[in-house]
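Chain nomenclature is as follows: A, B, C, D, E and F, assigned in order of appearance, with residue numbering initiated at 1 for each chain independently.
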Amino acid sequence: VVVRNIRRPESIVMQGLAGAGVATIHEAMGRTGLLDPAVTARQHGLTIAGPAVTVLCQAGDNLMIHAAVEQCRPGDVLVVSTTSRSTDGMFGELLATSLRSRGVAGLVIDAGVRDLRELRELGFGVWSRAISAQGTVKATAGSVNVPVICAGRLVQPGDAVVADDDGVVVVPREQAPAALADANARLAKENDKRRELAGGVLGLDLYGLRPLLDQLGVVYLEEQP
Amino acid sequence: VVVRNIRRPESIVMQGLAGAGVATIHEAMGRTGLLDPAVTARQHGLTIAGPAVTVLCQAGDNLMIHAAVEQCRPGDVLVVSTTSRSTDGMFGELLATSLRSRGVAGLVIDAGVRDLRELRELGFGVWSRAISAQGTVKATAGSVNVPVICAGRLVQPGDAVVADDDGVVVVPREQAPAALADANARLAKENDKRRELAGGVLGLDLYGLRPLLDQLGVVYLEEQP
Amino acid sequence: VVVRNIRRPESIVMQGLAGAGVATIHEAMGRTGLLDPAVTARQHGLTIAGPAVTVLCQAGDNLMIHAAVEQCRPGDVLVVSTTSRSTDGMFGELLATSLRSRGVAGLVIDAGVRDLRELRELGFGVWSRAISAQGTVKATAGSVNVPVICAGRLVQPGDAVVADDDGVVVVPREQAPAALADANARLAKENDKRRELAGGVLGLDLYGLRPLLDQLGVVYLEEQP
Amino acid sequence: VVVRNIRRPESIVMQGLAGAGVATIHEAMGRTGLLDPAVTARQHGLTIAGPAVTVLCQAGDNLMIHAAVEQCRPGDVLVVSTTSRSTDGMFGELLATSLRSRGVAGLVIDAGVRDLRELRELGFGVWSRAISAQGTVKATAGSVNVPVICAGRLVQPGDAVVADDDGVVVVPREQAPAALADANARLAKENDKRRELAGGVLGLDLYGLRPLLDQLGVVYLEEQP
Amino acid sequence: VVVRNIRRPESIVMQGLAGAGVATIHEAMGRTGLLDPAVTARQHGLTIAGPAVTVLCQAGDNLMIHAAVEQCRPGDVLVVSTTSRSTDGMFGELLATSLRSRGVAGLVIDAGVRDLRELRELGFGVWSRAISAQGTVKATAGSVNVPVICAGRLVQPGDAVVADDDGVVVVPREQAPAALADANARLAKENDKRRELAGGVLGLDLYGLRPLLDQLGVVYLEEQP
Amino acid sequence: VVVRNIRRPESIVMQGLAGAGVATIHEAMGRTGLLDPAVTARQHGLTIAGPAVTVLCQAGDNLMIHAAVEQCRPGDVLVVSTTSRSTDGMFGELLATSLRSRGVAGLVIDAGVRDLRELRELGFGVWSRAISAQGTVKATAGSVNVPVICAGRLVQPGDAVVADDDGVVVVPREQAPAALADANARLAKENDKRRELAGGVLGLDLYGLRPLLDQLGVVYLEEQP
């Protein structure tokens, strides 16, 4: 099946999440939502955030990615999973060009990508399990905008997907505004902490960890034997 | 054994293959010839293409790489395999300097390399299974310019080897001109497609995939339940 | 336990080791001391060398890294290991900011790191097994400045740790001056060799390998059959 | 949270699924539902089928498995996942003894197990990602009988879990009777096929594949060149 | 293509090779011919040896295995490779039943198998990269009895394939009689050595290694410091 | 170097440790000492315990194992590590025969073994990282009875090594009696617990975990929504 109309978080929320970054949002969500770190950034220094358009493909077959392009709106993130594990290069420059023309922010794929140089030149963000030129066919049915498991996490269509150099985190659509609020609160606190730590205050004191060390029985010795 | 005289594809063909890139050539060859993606580019944005000078070494021993240097001509690509799996750093800056002075284009090795910074500064292209400073010895016999299996593919001396950010593809020597012709035809078609896709035409329409989706029973739903 | 006062190599020795680089020092030490190449550089072109401040943490718990910060002096390298294997992101920008304010050179960790972009912007060198935003707790006792096994090598507090694009090597504290002397002798010889190789002299001749090939029974054939 | 009352498939359905086995059920469900093959049988020749009691634990912490034991009924299968990847031995003989006394059929865990010999002697079936004696703590909250992702598949509490030497398949609760019916139909057909194949009929003829080979352009050569 | 008539080694040679086992034959061939150890025995204590009927399949597609069955004769070993890496379960009980009826000795496959229990009950030997119930299709052309790369080694149709608990070794057809003769000579010598070693003679003396240790500078210390 | 005389724990202690098993000893030592679970049992149901005779080899070279045999006494366990990572089959039936004649209990090796069937028939226990028939040479110096890192743990000659189906644990020689006493105390308690759990008492009550769950905020819901 292909589902045409999905609900998306407000774009102002997505912009906020992009500003917060993956690690902070993951903390703000109680340390949940992170994809397996094997799906990793294929460029440096890029952060994207957008609603997930999900795709479930047969391994080695990218037909449904083509079907998914039509369902994408500006700012969306394409999230691709396969029915069995594969590293084949299911996505390359032509698909990226097509997604670019629709304003899509980037791709998260639990498989391989190719045309890496061209993708980097396009500035199209890609997070993948592998890099492989191995070609694929267009022959088997799959689904667009159904819930998928991608790199060990459930992604519902319209969930907020945030990706940067640290990996990919998925925020359930309804939780996105609350996650953003919590992330922003964390960012504010982190700014304070960063200033103090940069000034030489120790984390042991800033976080009040000395009593904990004491209670855990950690002892200080003056010298190595 | 060391074989001194190998037949090489014409250099005009090699230049053409470098222009086409790994993914296109792999497609042009009917999706064959790709090395295992575990052997990966150790720099960004570099494409090389040249005739293979093949080397079979004992794991942890780079003696035969030294023997192979002498057999290299300008434009060649050194392709190194080992008798058992190893990630030791069999290749570094001094060997690269020597190959450079003979005009060698780069190295494909199913093992480890070291002196990575110096190799990048030299602009000497390297595709390897690992990065490791682990040193090796020069003690055991092997072969130069015999057929080798490198990263799961058969490479004959004089085969055309093309490598870029997507990995490495090997083209049997006799097939190189035909592969280039087919690759160039693909590139021309891809240019047309790229223009159309960039203009907003969907792959579903460009490739005529809608009847296939229909025939496979893919149905469109207006909304998530 | 936390050990406060450790003996460190002289800083002039550390500077020399940084100049020699990982591969040369590893050779100078008789091909010993290299950490498993799975712990890899998370930036390009950076070399650090400094005395190890060692940390042993519970997997998924970075409490003891905070305790270790206090024990660090300018030029030190933090070396973190865990009691069982984990890829969680135990280290990020705030800890790096704190270490930076104390003049610490960088981090070697047999686990994951996060805030990769910020770490790169700070110029804080990181060598790790993984990149992961997965958060950790601060709850369990461990040790600082005790001997640890990190990526398959024993690291004693105060050992010289050198890290660059090729990986990480550890030099026992007492051996550091001798390793430096040997490394410098190698560098001098390598400069000569590099000049000769760049001028077209073959390694076969430079290293006198032709008799060895002969003795091993390597024969030269004029042509492929 | 711990959810006390979950709906389970009828036990007659579970018995039928156990008889069909993992590969047949996976086919009957349109080739879906299979867990990642990295979670593998830790004994030979055992098949179990039962409703899932799901557990979500912190990595390295088995507190919630203890909470889950109380929610188990005879015939259930415990399905354990963790918030981040770990191979620690979260489950051993004492937990198995406790589950045994409640009639639990076995364990599927995306982590490690220990006391392997004792588990085999008990005849308690275990499918795990790893074998490790590494101990764990009982300190962190998690959940019982919530939806979990285990080895790349969504498992809802009460789903039918079937495991044998080939791995683990999960059947959504409502689909269990239909999957059983389809699996039984397949088994009947497979019996016929097995008899024919054992008698020397070729799959090419039994499945009518010769026209397909012809249409795909597969040609027969009489001899190797 | 499907090649119908291949040349096979004499069956008396195959029986001899089965008696020698993988490790001895690998030594007899100058330590060559071993498949990557990731392709491993899926049963205990079984040794097979037979001429290779080779199959090249698309990943996730077992159509050509069906075509290969027809080309098998009693004593053959089926050797299956795929065009890109996959762990899907391409082979199971029905295919084994069919091969059994033709007297085939076993299967070596650089992919996954399923119906493991049934295969073991049949006594049909299987060496595979993975165990997985993941189903495959029958849709894409490939080849039978062409040279294939399987687990990193070239296998020609009719080569002698020997497999036991230690893995799989391939002996080029023409070399099979010589390899057997050398293997038998080794076996005879090993019997002598085994008797001596069992009687308490040290390998140091039996192989005359003491002078080598001396020459390498190995010194004996009476006690740990 | 080869160190001839090492101090060993008393054999009565070793017998006790064998009775306790790996998981219990690891707990008794405060969850330390476990080797990486990648080094795994190559037979079922065997437990060994003995003083370590340690060996450090060059990868792909088993010369020093021969030197080590001479240093072994009845009940010892050979512990082999290599200078760089390798899966080659460095150990087989002939070495096992030799060790058997000296009463050695078994082998722990961070590399590969071969002749697996013969080792099982001999009843010689083996724990290894890999199974591989790949042959090795006898050419390079190494050490016997020096401290080695094996699978991520420091092993000193004479340390107590215990191995069973769960893996391998190393107990520093001086700690062996205390570890045994603690392990035996644990075994006694576990017997009591096993009886209670087998009788239906819940771990939640036996370990008094209900208040902890309460304090952590775990709530019970009567039914799935």
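Simple rule for what comes next: contacts are C-beta pairs under 8 Å (C-beta built on N, C-alpha and C of every residue); 3 or more make two chains touch, one makes a residue touch a chain.
In this text, all values refer to a predicted model and were calculated from it rather than measured experimentally.
The minimum number of touch steps linking chain D to chain F comes to 1.
When chain C is laid over chain E using CA atoms, the rotation angle comes to 180 degrees (nearest 5).
Interface of chain B with chain C: the two copies contact each other largely through different residue positions, with under half of all numbers used appearing on both sides.
Annotation: E-F is the more contact-rich of the chain pairs E-F and B-E, by number of C-beta pairs in contact. One simple way to say how far apart two chains are is to compare their mean CA positions; for chain A and chain B this gives 30 Å.
Rounded to whole angstrom, the centroid-to-centroid distance between chain C and chain F, based on C-alpha atoms, equals 29 Å. Note: centroid distance chain B to chain F, computed from Cα atoms, is 43 Å. Along chain B, residues 31, 34, 84-85, 87, 132, 134, 139-140 each make contact with two or more other chains. Applying the touch criterion to all chain pairs gives A-B, A-C, A-D, A-E, B-C, B-E, B-F, C-D, C-F, D-E, D-F, E-F. Contact residues of chain D toward chain C in the complex are 58-60, 84-88, 132, 134, 137, 139-140. Those residues of chain E lying in contact with chain F across their complex are 21-23, 26-27, 31, 34, 37, 40, 44-45, 47, 164-167, 169, 190, 193-194, 197-200, 202-204, 207, 209, 212-213, 216-224. Every residue of chain C that touches chain F in the complex is listed here, in rising order: 31-32, 34, 36, 83-85, 147, 149, 152-154.
Within the complex formed with chain B, the chain A residues making contact are 1-7, 63, 66-67, 69-70, 87, 89, 92-95, 97-98, 100-102, 112, 114-117, 120, 130-135, 138-142, 145, 157-158.
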